[in-house]
Amino acid sequence: MRTLIKGGTVITAADTFAADLLLEGGRIAQMGADLPAAGARVVDAGGMLLLPGGIDVHTHLELPFFGTVASDDFYTGQRAAVFGGTTSHIDFAIQHKGESLHQAVENWQHKAQDKAVIDYGLHVAITDLNDTVMAEIPSLVSAGVTTLKLFQAYKGVYQVDDATLFRAMLKAAEAGMLVMVHCENGDVIDFMIRDNVAHGRLATEYHARSHPAWAEAEASLRAIALAGIAGAPLYIVHMTCAESVDQLRYGRARGLPVMGETCPQYLFFTTDNLRQPDGAKYVCSPPVRTAADNDYLWQALSAGHLQVVATDHCPFLFDGTQAIKYEGENYQKPGKELGAGDFSKIPNGMHGIEDRLLLLCGPTA
Amino acid sequence: MRTLIKGGTVITAADTFAADLLLEGGRIAQMGADLPAAGARVVDAGGMLLLPGGIDVHTHLELPFFGTVASDDFYTGQRAAVFGGTTSHIDFAIQHKGESLHQAVENWQHKAQDKAVIDYGLHVAITDLNDTVMAEIPSLVSAGVTTLKLFQAYKGVYQVDDATLFRAMLKAAEAGMLVMVHCENGDVIDFMIRDNVAHGRLATEYHARSHPAWAEAEASLRAIALAGIAGAPLYIVHMTCAESVDQLRYGRARGLPVMGETCPQYLFFTTDNLRQPDGAKYVCSPPVRTAADNDYLWQALSAGHLQVVATDHCPFLFDGTQAIKYEGENYQKPGKELGAGDFSKIPNGMHGIEDRLLLLCGPTA
Amino acid sequence: MRTLIKGGTVITAADTFAADLLLEGGRIAQMGADLPAAGARVVDAGGMLLLPGGIDVHTHLELPFFGTVASDDFYTGQRAAVFGGTTSHIDFAIQHKGESLHQAVENWQHKAQDKAVIDYGLHVAITDLNDTVMAEIPSLVSAGVTTLKLFQAYKGVYQVDDATLFRAMLKAAEAGMLVMVHCENGDVIDFMIRDNVAHGRLATEYHARSHPAWAEAEASLRAIALAGIAGAPLYIVHMTCAESVDQLRYGRARGLPVMGETCPQYLFFTTDNLRQPDGAKYVCSPPVRTAADNDYLWQALSAGHLQVVATDHCPFLFDGTQAIKYEGENYQKPGKELGAGDFSKIPNGMHGIEDRLLLLCGPTA
Amino acid sequence: MRTLIKGGTVITAADTFAADLLLEGGRIAQMGADLPAAGARVVDAGGMLLLPGGIDVHTHLELPFFGTVASDDFYTGQRAAVFGGTTSHIDFAIQHKGESLHQAVENWQHKAQDKAVIDYGLHVAITDLNDTVMAEIPSLVSAGVTTLKLFQAYKGVYQVDDATLFRAMLKAAEAGMLVMVHCENGDVIDFMIRDNVAHGRLATEYHARSHPAWAEAEASLRAIALAGIAGAPLYIVHMTCAESVDQLRYGRARGLPVMGETCPQYLFFTTDNLRQPDGAKYVCSPPVRTAADNDYLWQALSAGHLQVVATDHCPFLFDGTQAIKYEGENYQKPGKELGAGDFSKIPNGMHGIEDRLLLLCGPTA
């Protein structure tokens, strides 16, 4: 089938110009002035902008986490995404302990099966790196996965030690893959969380106090340094603060192929939000920081010191005790209320906050 | 007894002036022009400079290490020091696993007993931090020890994990003590050493290749960041390279009370020395770096970006198979030859190199 | 007339893709797969890249300078340009003392008349800014000129004082125009040239010694600062050295809308070239610098710290005493030989060096 | 005569210790414990600190300026200074047009004659540099003057052009003298003052608006760059803002022997003070800046990026229409009221503000 989109203004990464677009087989076949409509369905785009679909490179649909599961699955999440203009995304297939990486990929493909309505890809998150898993890494490329994710945070859950991270980097460099890292010092954060809980400091804002900016900054340089030694390219996910970005700049200035991502939550929210009655909505990891950090991130994006904005979309309902209606069906999953009275149990992920911010991946229930 | 030193030029930290000095009871009682000699032994210092004695804040006399022991004990080391103008030093009492910190202090005092000929003090190096040891920390102050040393390096020997380092910093901050850290990423270095040995890369220069500058730089920022979170002052020992000093500057520019030390070996030697036939003499940890790093350190000292020069005096004989004469006695200890054919077994510490460089702590046998 | 270019690979600022191009009336009418050839002249571009034509924003064709005139006129220069892939350029109409700016524009249009073979535009260089000229500035916009050029260099010829530069910036800001500046301290350079000549230091390399990097760096910050006070955007032409680029970065980091240009000669040549027997070929202003500066400029371009590469094409024949054949005609103009034996008289502009470097504007006779 | 100061605590640049001081012939003859009092007048300093007297290296006593003269002469100024603990100072002998430098020195010595009560020295400010004056420069050293001051500001009064400044630097380098510069762009400031006055913008705060920070910053780098080319050491007086200090740091980081001074007014006051009813008291040049600049200067002093604090003591009475009593005499000079209604006529110099800030040089009438 052919579709002719007439009269719009095309915007590409470099140019803005008036042109008709002729689509054939789902691809743009022709661009130009006054294209002939013969045999095509015609869409009038007069006065409209025609943009490429957005790509969200960091999402967690249907992620099991904190004793529940992220509230968006591959249908609800993608449906929301496409309404917001995001037409493809990359999710994380997370290896369970003892599992192969290919098994992780299959697990996530299974989640997407019968649900996906837009394009998606997968990163693989390594949590258990034995020799068998090491040997398996290069074969992921032919399965369409070219990125490995590792965590310096979430001690006892996802966290790997430095030697593991370093070995994965060596292997990735060899296989032409990219390593992504969640940079926070899990050991120190784990101690601080336990210490705050033990002392009865349970309020939501202690989430941020247990995850200080310096713990992210040092982990960022640690990942950068290890990548530098391993000769591997590096992509640091969800950078939140001036100190971390400074380290990224330092690594780049020393010639290392390292890149950084930030997310809308770090551009707009601060620890003040955690002190609101609905502060649990704003609990994500790393945490939201200060207004000065918000500004710093905007400037870093503008100056090219940060390379990517993605969402880290991993939503949890604010009140999972009540079913909600979604396309006529009852929908219910435990959410932020799991952490009522104890910040350390609040699922870490931004609540769908459709009335405030249109995430790249779109609003959620 | 009174001593009058006449006619010299006194140099203090701030001034240079001609003055006589009258000593009483081992202290300077008077300074001035033409002091009366009555009842005093007179020393003619005409044409001479009178300087305060040097203080070397980083030494390891009689340290058991790499299956042998550092070749200088409290007599030979201090004797050499004082001939070089160093009149006091601070050594490290290192806790053995399972031992109390006070026991470590006693062990080192025992080494010094009957041997010490100049003033000395002790830092305590924590290698095993359980709750009993934690509770013991503040009491060190009244025993004259106000500094704690921890290692991010020497995996399986001295290395502590980040939570341990952080807890020690919290306690030190509480007790008004200073934390010193050997900053290198022990996990990655341990992997690299094993990997090099496994692949038969055994030459001396692989010592430096297994201890890359980035492994020191990231550990430096890690220590700085943890100190920043803990609110503790920090002193980083033996900084060797531009990347580490840059991190120190960064921490200081962010207002953290962090200080850094370098050593003569890092100001004068490079990895080229490791490739000499007697390269083992230059094996120390962290390793010697590049000529550009030498220059950077000199500039950093000059600009005040580094605060201290100490020696990390921890010498090993180059050839411990032969006895040498020292004050008429035969003296023999295993030394650098332990690592012949395998860099990973060379005792880490600069050989006494009296023909090249007068270390602050003086030449050694 | 319609032209269909078939089978090529189109390269835009953002994308690379296979497409046919249909040209109508000198413009691209359609891009797409398998465009119909009906009625069009067909060009087979199989295996070829289709790129946009280059734009050289800094040229001086037929410029009267140093008692002669640049060797390329609007025909020879543009012809060379288009063979090199440059399809448009912007030249500088330079105001003579006492002349109006519109007169300068007309003078330059006259030079181009009957000669121009590609698109060109004009900047206007102000050398004499009285109140009448001030009032005339905004009217240039409707004449198609939106950029003003001023010189801090060439004392007694083009140089303006700081108040003049500042007033021009105020007026440009008001009129929505861009100010370009040649940043070198003309007073100090003039003194150094005279001083070198007076002391018989006449060799070609004294051209560079009389134009030190610091003289460019300070003038760069001076222009940036004045633009910052005036609220005017600024474009610094032909930046050559680390110190200047550092100042540009500083201005940009402080939020000022300032941009910088470098040229091929500053990316490839050094003062060593001035010491060659044909060193006069490499005399341009500012002068070529060091190999370290070359590297710094490449890095600055790569990191986005410099925004533009243009040529400052202002060629002079190396030996103007001999006629050369150009399209069958004898061609002769005085050139670099004017400065034989006295660096201060060498026309400042790169000799056409077609055997070394394809300038953006193309090779010249 | 001998004086014994007993029981005080001596503070030197490096140390603090208890000691008696024996003074003989106006000098410290002995320091020590329990010095014998024989034949000496004894002063009990129990509980007191004994500090060296302060040195103020930047003052303008009895300076003719803005149609009046600074309100402190060598008696009133020095008397105030010594009460504040400042026991020596260096004033500026300013060359009048057409005058020799030695004449300037004599003029200022004449002002001091019969009035001076503490030690003082002189810098010489060059305002008219012809060849005779150039030749005279080195001879100043034997007259006790080793510093030359030049102005980039005060167009038509003190300002010199860049070639003059540069030539003075060359001569100073040759003669082993130090060049001090008042760094502000006089051309642009002069234009802005005239422009503000012409538009009726006469309020006191337009003093600061006519002297923007960028005009100081660029002039600072200009002086640094010229000193760098000339190979001369440089001392920039009264630095007031972040941008200028950044340039000083840049020059120092590039290895140039350049130093900077700030003054109490720039550490404590802001443009808010200019909007007070008595804002004229705070008119000095360069002007007071922002609170952020105050902070930046404190940090720069603390970090060693600025080297000196001096006062630029050049006071004018706030209301010179009324005589005041000083040591029983009537004292009257025109002051800040000269600029009532026109900021450009307010004498540039801080009013004696004894109730707010003890200037190094002490309070004034």
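Here the chain labels run A, B, C and D in written order, and each chain numbers its own residues starting at 1.
We take it that contacts are C-beta pairs under 8 Å (C-beta built on N, C-alpha and C of every residue); 3 or more make two chains touch, one makes a residue touch a chain.
Owing to the predicted nature of the structure, the values given are computational and were not obtained by experimental measurement.
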Smallest number of touch links from subunit A to reach subunit D?
2
Could you put a whole-Å number on the gap between the CA centroids of subunit A and subunit B?
46
So, in whole Å, the Cα centroid of subunit B is separated from that of subunit C by 58
Residues of subunit B that touch two or more other chains: which are they?
none
Can you identify all of the chain pairs that touch?
A-B, A-C, B-D, C-D
Using the touch definition from the top, list the residues of subunit C that touch subunit D in their complex.
161-163, 166-167, 185, 187-188, 190-192, 212, 214-215, 217-218, 221-222, 224-226, 228-229, 243, 246-247, 250, 254
What residues of subunit D sit close enough to touch subunit B in their complex?
12-15, 22, 28-33, 35, 304
